[in-house]
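Each of the two complexes below includes subunit A, the first together with subunit B, the second together with subunit C.
What follows is the complex of A and B.
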């Protein structure tokens, strides 16, 4: 084992080089790790590359880290000169060992700004660091900065495009713009994968999920298809991670965005039926070829986006809520005693209640004689219009929606489009009400003896009575 | 199907008395006996580390054991031309460490050791159009940084230097349906972010904007059968979350909604009887971070062997009285 300062120097420089060479040799390294190994083995590099996995033997870390750390700090204090290539290698080694070292990421930001590093390279380095440190706040922060650079570049080209240009310049710019938008769509997709991977490595990974939200807010604003696809693909994930509160919160975020951003309210439909909502920062790679594959029985982006410039219709929103609450009921029954599932139910019901109130408010403020009336009264007492029976027993996308009787009473539809759908016999799902929620809770309390499940059910009931009860 | 409740079981032989002398010895020795590797690994947050150590020493009335002059010189050396302060020498400045440095200097009544006007300019310069604050010049936005900004300015008596109305507007835009707050609009509620946001609203005199009953409800649901508090549903209890949840409850006037005796039992069980210090959970490795939040939590719970702690700034009340700062609390 190296002991003297000089020996450490030589050793460490060799290891930093070995790491850089490993990346040159295999550009597809997809995971890093430390190999427990208390002592050095004679004449062998502590850097091990097996298939796409890069390992560093544990004995050398305690020499390696302080060395690269001090080198970088001396450079930062202008006490020691490092050329650009050395800076790239040193920060790479440093960040793979200690990814929360903010200043090292900042050095890379500067290298990126002066064109020494490519944004993709840094996204890749961060991705690797996250395989070992999936929470690392500074790694996520750096990713957002890099993504913002890519976005700014995209917007700058878009800006040029708007200026008057002629002939070849115009042509070249159009090509460049297309390339960038394809690139952006790929980056978005890749980013979702990085988030999923980190979410699988560490449960309820706040940084990974809040990053994912940031990415959608910045790179897919207004792109309903992306939101829909996310909602579909998350269905299986949350079903397999019923304790992951952050994963469920992400679903709540998607649902909220879909209904607030993409639901064309009756008012805006008649006044300014613009398709602005649909214009996106990132065009999906095939904007007019919606995928027809059905994911997990959920309403697909294609189904939802096929109407009026991709705006969701009234019935589609009802279906989204219905499907979500059914998923939640299923999971609560299959996996008793999970606080996350009950918390999700609160949020979904809250969103529903809020959306319903907004619809009612909009109708009444327009003095619409066709009011939406989604009644909370006892189902036995409600008048059920013939329309509300339409499609009761039908299934949409292979999923039955009439699993439990739910009341829809006197729903008069504000949008002529919805009436048309009804006449065609398209499903109108039952509505959620306080009453239906209470019967759900009672059925759990009647049949379940798991003490945790009962505790959460009682708390949910109390929440309905107080928080929702006070609003209604 | 059985479910595993995510909680810990406190063993009958877990510590149940407060071992103040051990904790003071642990903090006093911390840093001197660290080998290169451990020290290097955490250097990126050194300034906050010093704040944790000094604050817990002050709460235990042991501050004179620390090397005042050395620390003040260190802070001076960490102030950059832009006014911001870094975690350590050679690192880049950031709001997180600027606040920690100002808190330390307040403990030592030595704010004038640094260029205060430049600090104020630095903080002011990080405010964005929408009222939010970036953590540093690279632009990351987080409600934590909103707290750091107003806490720094409040301690320096310069709150009027920023657009407070806009700053409040941004923080409120991060409020969720459960009454909690996340790091940015649309983000999940998180006890650490809630602490920052309620603290922020306290310092800006806007606590009436919080739905205290709703938020109090969510915060109380963080208490687990062991008595410990977690930071989000289905996470393990942790001493640091015990502080953030407890301090938030104190700020919004709902601290009596949780079982204080059980929480106290949990916090005490996180002590290490041999080495001193507190860990995140019983039996884990101790560190200065959890030691501060363990001791501060016990102070909020009314332990009279410890100085009273301010729930908003996590500093001894007597220090804040000296500088004339009394953040609002709901009753």
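What follows is the complex of A and C.
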């Protein structure tokens, strides 16, 4: 069928139209796909709409794609005229079949800039293309461009607000600004969903995860609540994708951002004041920070507010890292033999170690006695599994850490009182130490016979000795 | 980690007979699901046919692992999972469903049964519960019970086949695979793309 040029012409025009009509008929299409079908069935459109899924029969792709491709190139070379509506339809068909065709996205950028296309439309088209091609770099790149347009629009309104400070204009602007920030919050949420979906469709989908990072950096900067929510909502996801390095890298990014942006020491806090206006980007009330104030009741009220913040940061950061290491221990024990988990542990412990050193440095340079909180630590460990205790005991008896008497002193069996305190949510400072890491590795080596797992454990031990051991 | 299919079969003299199956194909593209399901059924039957009585095996095919257990009474079960999913949980699951199935369904019905005639409904519940292996099973216990060295590991489907046999021929000859699935297999084979097929 449809071999001659004219026939192809007719066929393609029909298919492009069918696709456009399908979107008009059902605005809720949420997935596209190719249906394996080597031959055409006469008098039936190759475009199939089932529920909210749009399918293209595979036989027509080889006619369709080169044809629309050429047509768009001819338009670009000014050899062939297409009106705006035709351009919208042709680029749509083209991008659903081949979303890495940059020229088509560029044509859409122009249409968007002259107001023919709404930004939402392009985000939607990209989202559909990603259901079939979850990695497509050009689609992600275009998404970021569209999001930047939306952000610029938001900033422009914010700017106007500062200039006109009078009466009705101000109120109208405030309303508009509220609308826009709601809209932005929805867009952010939607982007997170698109990224999750793509990450599920393709394992270790670097493009999707790095897009997610970009979105947070540009649309939620300074908004601690969003970062905290992300950290907790990704917990289950990484637990079910224990070899997805990109997913764990995203957690590392979140941790890093949280400690540098939100729990930095008071001295450096002012530097970041410029990002303050971003807090309004997405409505937030940072409940997490408030709850932390309560756990900090021991501090005397005479202490300066900044001092209070510093202590607050410390307990919160410690809690963050403890929870992350606990999650990591749990996953390593449940799913032996995944290198991703071990490299995540390295990164988390390294981050913690760096942060702790910085704090100590700052404390000692300021000459106050807060470093006591860091070193004068209670015994106790975050994991309460009997295995890890057994392992620890052995490492003490065996004097493996004889070269670090300070560390060994700290390692005694925790009493029940401590674990009760842990359950109450009161933190034990210093529970994340080189010694606790060593005892974790030893407990794995003592109990596990999976050869891969043992190899990773030994490598981690070596890393602790060389990289971390030399630092401290 | 994901479980895609869980099926119970009876190993006959030459053919394996499907008794009951459950699938979770939500992670596949909508238009591929029916073909993927046919391929999972086809693969499960093939694996049971080529696995000897009283043995356990794991067959790796692209990024999928098919775990099989055929008991001495010729009742067999296959679970198809991704490579992340812990192997020993799969074998516990197989033990468990076979035990349950043989208690509920009379062995007279095994050789001639079909998914429509067999009255055993628990597979769907098992496959959804076991999607999260940690909630489904106390794994420490499983570790003690299963001797992993006794599980035969095949690195490809091809290694199950006899000399001169080809997977492509078996697919082409199969009565259980529809035309669309066969076309699907051919394109996937050509592109050598794992996600496309099964």
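By definition in this document, the second predicted complex is superposed on the first by the 365 of 472 C-alpha atoms of A that agree within 3 Å, B and C clash if a C-alpha of one lies under 4 Å from a C-alpha of the other, contacts with A are read in each partner's own complex, and residues count from 1 in each chain.
The rule is simple: a contact is a pair of C-beta atoms (placed from the backbone, for glycine too) under 8 Å apart; a residue touches a chain by one contact, two chains touch by 3 or more.
It should be emphasised that the depicted structure is a prediction, and the values quoted were computed from it without experimental measurement.
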Look at A:37 in the shared chain and tell me whether it touches subunit B only, subunit C only, both, or neither; answer first, second, both or neither.
second
After lining up the shared chain so the two structures overlap, which partner does A:53 touch, if you call subunit B first and subunit C second: first, second, both or neither?
second
For A:339, is the partner it touches subunit B (first), subunit C (second), both, or none of the two (neither)?
first
Would you sort A:8 into first (subunit B), second (subunit C), both or neither based on which partner it touches?
neither
With the two complexes superposed on chain A, say which partner A:132 touches: subunit B (first), subunit C (second), both, or neither.
second
Have a look at where A:241 lands relative to subunit B and subunit C in the superposition and call it first, second, both or neither.
second
Classify the contacts of A:200 with the two partner chains as first (subunit B alone), second (subunit C alone), both, or neither.
second
After overlaying the two complexes on chain A, where does the subunit B footprint on subunit A coincide with the subunit C footprint?
243, 334-335, 338
Using the touch definition up top, name the residues of subunit A that touch subunit B in the complex.
61-62, 65-66, 69-70, 73-74, 76-77, 98, 100-103, 106, 109, 138, 141, 144-145, 148, 204, 206, 209-210, 213-214, 217, 243-246, 249, 253, 256-257, 334-340, 343, 346-347, 350-351, 450, 452, 459, 463, 467
Applying the document's contact rule, which stretches of subunit B touch subunit A when the two form their complex?
1, 3, 5-6, 35-37, 40-41, 43-45, 86-87, 89-92, 94, 135, 138-140, 177-178, 182-184, 186-188, 190, 214, 217, 221, 232-235
Subunit A-facing residues of subunit C, complex
1, 27, 29-32, 35, 63, 83-84, 86, 132-134, 139, 180, 183-184, 187, 195
So in the complex, the part of subunit A that touches subunit C is made up of which residues?
31, 33-38, 50-51, 53, 55, 58, 131-132, 200-203, 239-243, 334-335, 338
